[in-house]
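These are the structures in question, set out in turn.
Shared between the two complexes below is chain A, which has chain B as its partner in the first and chain C in the second.
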Partner chain A sequence: MSEVHAQTVAYVRDTMIPQEAPPPTEAGAIKWLRENLFSSWLNAILTVVSLYVIYWVVSHVAGWMLFGIWDAGSLSECREVRDATYGEGASVACWAVLTDRWDQLMFGFYPSELYWRPVLALVLFLVAIAPVLYDSLPRKMLWFTAASPFVLFFLLWGGTIWGPLAVAAGFAIGWAVLRFATPVIGDLGGIVAAFVVPILYWFFAVGPIAGALGNAIPIGIEFVPSDDFGGFMLAFVIGIAGIILSLPLGILLALGRQSDLFIINKFSVIFIEVIRGVPLIVWLFTASLLLNYFLPPGTNFDLMLRVIIMVTLFSAAYLAEVVRGGLAALPRGQYEGADSLGLDYWQSMRLIILPQALKISIPGIVSTFIGLFKDTTLVVFIGLLDPIGLSNAIRATTDWNGIYWELFIFIGLCFFVCCYAMSQYSQWLERKLRTDHR
Partner chain B sequence: MKKSVFYGTLAVAAVAAGTLSAQTLAEVQERGSLNCGVSTGLTGFAAPDASGEWQGFDVAMCRAVAAAVLGDAMAVEFVPTTGQTRFTALASGEIDMLARNTTWTFSRDVDLGFEFVGVNYYDGQGFMVPRDLGVSSAMELDGATVCIQTGTTTELNLADFFSSNGMSYEPVPIETNAEAQQQYLAGACDVYTTDASGLAATRATFEDPSAHVILPEIISKEPLGPLVRHGDNQWGDIVRWTLNGLVSAEELGITSANVAELATGTDNPEINRMLGTEGEYGAMLGLDGDWMVRVISSVGNYGEIFEGNIGENTPIGLARGLNAQWTDGGLLYSPPFR
Partner chain C sequence: MATITDPPSEGFRLSQLIYDTRYRSLTIQVVASIFIMLGIAFLFMNVVTNLQALGKDFDFGFLGNRAGYDINQRLIEYSNNSTHGRAAMVGILNTLLVAFLGCIVATVLGIFAGVMRLSKNWLVAKLMAVYVEGFRNIPLLLWILVIFAVMTESAPQPRDFRGEDASASMILFDSVAVTNRGIFVPAPIWGPNSGILVAVFLLSLVAIWAFRRYAHKRQEETGEILPVFWISLGLFFVPSILAYFVLGQPVSLRYPELAGFNFEGGIQLRNSLIALWFALSLYTGAFIAEIVRAGILAISKGQTEAAYALGLRPNRTMSLVILPQALRVIIPPLISQYLNLTKNSSLAIAVGYMDVRSTLGGITINQTGRELEGMLLLGCFYLATSLIISGAMNVYNNSVKLKER
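Up next is the complex of A and B:
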């Protein structure tokens, strides 16, 4: 064979040609630019125009932001500093309003010597939520998670320690009723009693018990009324409480809407449609104005508590529909498979249906949460001083009247950081839970 | 949670049979603090400072009542209210009095069931224009674009003014005063209209206030005053005579500096009656004899409050104008302490 070649081919290369670099137009940055930015005349023109627009925006905004003034006591001082530093009429931001009013934007009117309490509460909240978010953490931490609502309440509002303890005892009572009364009065009776007894306890017994214990053994820290809450602390308290309370309620409502039990089904449908069909701002006005007329004068049904309840109900209605979408997306076979294993309703929901349905619903659930968190700014319309409300109040002082964008940019940035973190977590969770074969 | 709300509403609705109490004074004294409704933020009238203390002209009214009733001008819980929530907050008893630059009108006084105890600031709607526009009177504003806050009486006043003078205008609706400042400075409108005090406060924040003029025409009456609920005349009298006392004190020359000295007794019987060295005027209100001494020593008289918060030496720089004493050509005229 080789001899044939030797005679028929004049020259055979016996070494490999060394690898050449690809032509410059087909490699590296130039290739990327050609393919993505300048692939045709139209794209080239659009690219140039876009670059100019970006340059124009950045050149105007970046200087304004970066050269901003951080150290001044009022807007007029800011202007003096600016005139001295950059010359008359230069356009720079006055970030000094943030340093001057930082505490207020963060904590509202919370007593300054007690700032450690909300800060500690935030840290404890992160510790409490961690085992829920990351299942690699020890499961024992969930005990702290269960106790955290009462710990956080105690830290934020203060007062006697017996209030949160007495309320927490209600859950123990409910559990005890469920555990010990069910064998006596049957399943349905047990469930009903496990709801009714703690509610009766909370309404009629908690106050006197906590009061009596508080008088007998006064343990507590300084009480801070809700009126003193403000700024981002208020947004966080309303947002986090709403998120945590609305998820279980939303799941229950979604299950209720799918239920065959007539009353539960109709109640869920009506609840969801009514709450969802009315704007949140109307519910907030209801909480702040209408309820006042029902309450006897002098009743102190905390405005913030009313707002938390309304926000919770509102987002629970949305969540219910999101979760219902997840439930509907499951093939019927999953339900039938659960039945064929002999699982009862709650077991099949807990072990088979909900884990899959919730996984499907994660993007929708997180959108609802992000929406809820941003909606907390609506409380400005009922006179609560959230960050937006405080920005108005800060502008109303003679020191800072006339300042505008700096406050909005800061508030927007803070909200963006929180919402982006939520979104990133949900994407991480989706990747982690992905079981399909892609 | 939904159940607890439901049961809660039922339970409280059952208890709510009681009528609004006529015991405001006793309640306030038992509570140890006065719940006073103020604006969520209005320059010069009510705003929290950097340390969270509320400051302002309306705030001083709250502090004066607290000083009279509780002996401590700082014993006030300020409840920020918006234009929508203020009247419900007062009607439902959430606040004891409202001092929120609220215009005294017939329907608010009669139909809503409130009692305006007097006027602490005589305001009126005005116009501000850039000096470059060359306008010196509101009658030259035909065809102008006007920045106006929506849903307020200023909107209606503006429409009345232009139509009654046969002029046309183009409204630029805006939501808040801060937004209005931005729009006006950006040239989105030729004219900004709101209460004259608000215009002055806004103009004071501009880089170059002298480039803008406030036109002389005032097109509406806006008597702003504190108000209380109907039905508790004793409480209404306390707030009314605290306000009257502030005004009278200025007229009679009682200031926070000399009140302690005057309280030991003077030749002027009216001062003596006010400060409790003659007669039992405090007791008639259900208070002690020193009530007015406490008020003036803690917040000053009307003139001091005005100068400290919105007067010509503050950045807002309002002249007394209509709010001068009647002896100086203004409208402040307190009934006598007799």
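Up next is the complex of A and C:
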């Protein structure tokens, strides 16, 4: 062929032409703009509309936020500063409310000389949770994680040190029973005893023991009642306690719902559906109005504890449905494989089924946790002073009467940071645990 | 050689109840049911003793008593002489109203944001991501309060509309007034013969449905495609408009007018309703956007490519191949979002919207002191709503389930 052409074509190039840069419309920023913003008429219009929206928002908000006043003692003082600096009636934010009421927004009415305790508790919590979140950290740290609930409780509420210690001793007793009584009374008896003995101990022995030790050797720090908790500290305490308690309960409920045992199955179904069918706010009102009806006459316990219990039950029911989805998504062969290895129910769940099912349900679990943390704001309706409750209280004072946006923006930003961090962590975890080879 | 070995025919021993898997489940269930019953009996006995100690009884008779409080927004006739039962009914209708309005707007917003977030336009996709993440990560309660504050603090007062040099003006051809007391929209006045107009409109809807069925059947049989969209559009508008003029314009609008210190004559959408409605819609819309996005992404690219290979155009690919499959993924979580929206409407308490929690679960309880009965009824209402909706969802799920062998 080429020989034919050699005679018919007047000119044949015999050297390569030097490589040239791509045309300007096909490279760099222009190419990116053409492809991503102006690929068609519709896209161009959309881009222009979006640009206008962004311009409108920025032009209205940016100056207001950036030129905000940070140093004033009240809204009227803030306005005086504004008039002096920017002229009469300029529209600028008054961030001074945050600096003025920072302690209150963070700690509520916690005694100010004891602020180091919640701060230390937060640091210790981060240390305790780190080995759970990142498995590259030394496993020895998990011992501190196990002890941390008692340490955190002691730091936040204070009081005598013997209460948390006596409760923690219950776990040691349970372990000791399991370790030393099992050879004597057999496996099943050992397990039952390991549950029953600590429960009896917690019900009947903890109070007297802690009381006696507290009288004999009074070690402790100042007691702070739950009524003084408020602000983001309250949201964190309720949220974190709810998250940690609801996960195991939710998994148990999901297993119950998948169970072949009729009674357990039906009980789980009814529990989950009833809890999920009714809004959290109704449950919170139930906790604050009705709980006394269901308890023996004369018992009365902390409103905050009731809220934590209600929030835990509520999010456990949602978690149960998420985990059930994960359990149902596992191929049948995994269950059968576990059975054929001769594992019993709990072994197969612990070693084979749950690790996979929980991995599948990570996104759902974390979004339930995010929902729980956001729902902590609802406690304002039963009289606890969460950030939103405090913003109402701050607005009710004469100093800051009429201030809205600054507080809302600050509270919203704090929640956004926490929730967004949680969702980013879950995406990271998902990527890390992904085992399919794509 | 196959031999059937009989199980050893020893007698039943008590230890089999624990160690034999055939009987162990029975033991566990008996023990569990004993514990559950003991727990229920414990709670029940406590309620009985506590009620006795307080001198109360368990009686729903209070629902027939005079309520004695006013409800500022009502869909059915109600005055403070009506009964508590009637007040609860008004509350239930208000809950359903805001849930219904919220579901519609949330769906529209959610589909829009979900599709836009998949757009090839970088800027639009990022804007929608900001919207979705912003609303998903900030508590709903805060959004309700923010929108309520925008309405009450930033909207003009009715008196700003007064005079020649008014600082505020009505929008949409002087028909809608946005004030800090709520949004005033025109109210329809149903004149004589308006029933016929409504009937014509409903008939035209039936006609559209029938025509679509016919067109579908005809396409199945002959392969001929009728211009369904344009004929439907015509059927939707033409008969109603014709009837409207033939009957002599039976329905007219009454525009809100400034009278005294407030607007009169239109329908007042109170700030509480607006704030709750918009906040619920925006919040749930963000969740629906993610559901829609996930649904579209769940359809593998091969489906689109196969449809193109068959020669289908992009819009028909979307409507005939992608959407029917995506809807199977989208609908169940969508309905559970509707349920969430309905339950979240109980946050009406933040802005004083008179939903069922505020009437039955709020003022009625405070006035009669019937916490137990009131909360029970309230819980049953929400429970019944969600069970009915999730029951309907199960029926739907079964009908669209992939028929596998």
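Following the convention adopted for this analysis, the second predicted complex is superposed on the first by the 386 of 438 C-alpha atoms of A that agree within 3 Å, B and C clash if a C-alpha of one lies under 4 Å from a C-alpha of the other, contacts with A are read in each partner's own complex, and residues count from 1 in each chain.
The criterion applied here is as follows: contacts are C-beta pairs under 8 Å (C-beta built on N, C-alpha and C of every residue); 3 or more make two chains touch, one makes a residue touch a chain.
What you are looking at is a predicted structure, and each value in this text was computed from that prediction instead of being measured.
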Fit or clash between chain C and chain B when superposed on chain A: clash
Please indicate which partner A:Phe109 is in contact with in the superposed arrangement: first for chain B, second for chain C, both, or neither. first
May I ask you to decide whether A:Trp56 touches chain B, chain C, both, or neither, giving the answer as first, second, both or neither? neither
Counting only touches as set out at the top, which of chain B and chain C does A:Asn292 meet: first, second, both, neither? both
Touch test for A:Leu75: chain B only (first), chain C only (second), both, or neither? first
Is A:Phe180 contacted by the first partner chain B, the second partner chain C, both or neither? neither
Is A:Leu249 touching anything from chain B or chain C once the two structures are fitted on A? First, second, both or neither. first
Regarding the shared-chain residue A:Ala396, is it in contact with chain B (first), chain C (second), both, or neither? first
I'd like to know which partner A:Asp375 touches here: chain B for first, chain C for second, both or neither. second
Considering only the touch criterion stated at the top, classify A:Asp100 as touching first (chain B), second (chain C), both, or neither. first
Superposition on A: which chain C stretch among 23-31, 149-157, 185-193 or 311-319 collides with chain B? 149-157
Enumerate the residues of chain A that count as touching chain B in its complex and touching chain C in the other. 285, 289, 292-297, 380-381, 404
Which residues of chain A touch chain C once you look at their complex with the stated criterion? 35-37, 39, 43, 46-47, 50-51, 53-54, 188, 260-264, 267, 273-274, 276-282, 285-286, 289-290, 292-297, 370, 374-375, 377-378, 380-381, 388, 404-405, 408, 411-412, 415-416, 419-420, 423
Give every residue of chain A touching chain B within the complex, in rising order. 75-76, 79, 89, 100-101, 104, 108-109, 112, 195, 199, 202-203, 225, 227, 245, 249, 271, 285, 288-289, 291-299, 301, 309, 312-313, 380-385, 389, 392-399, 401-402, 404
Of all residues in chain B, which touch chain A in the complex? 1-5, 7-9, 11-13, 15-18, 20-21, 27, 39-44, 46-52, 55, 77, 79-82, 84-85, 88-89, 91-94, 176-178, 181-182, 201-202, 204-207, 314-316
List the residues on chain C that touch chain A in their complex, please. 18-19, 25, 28-29, 32-33, 36, 43, 46-47, 49-51, 53, 119-124, 127, 133-134, 136-142, 145-146, 149, 153, 343-344, 346-347, 349-350, 357, 361, 365, 371-372, 375, 378-379, 382-383, 385-387
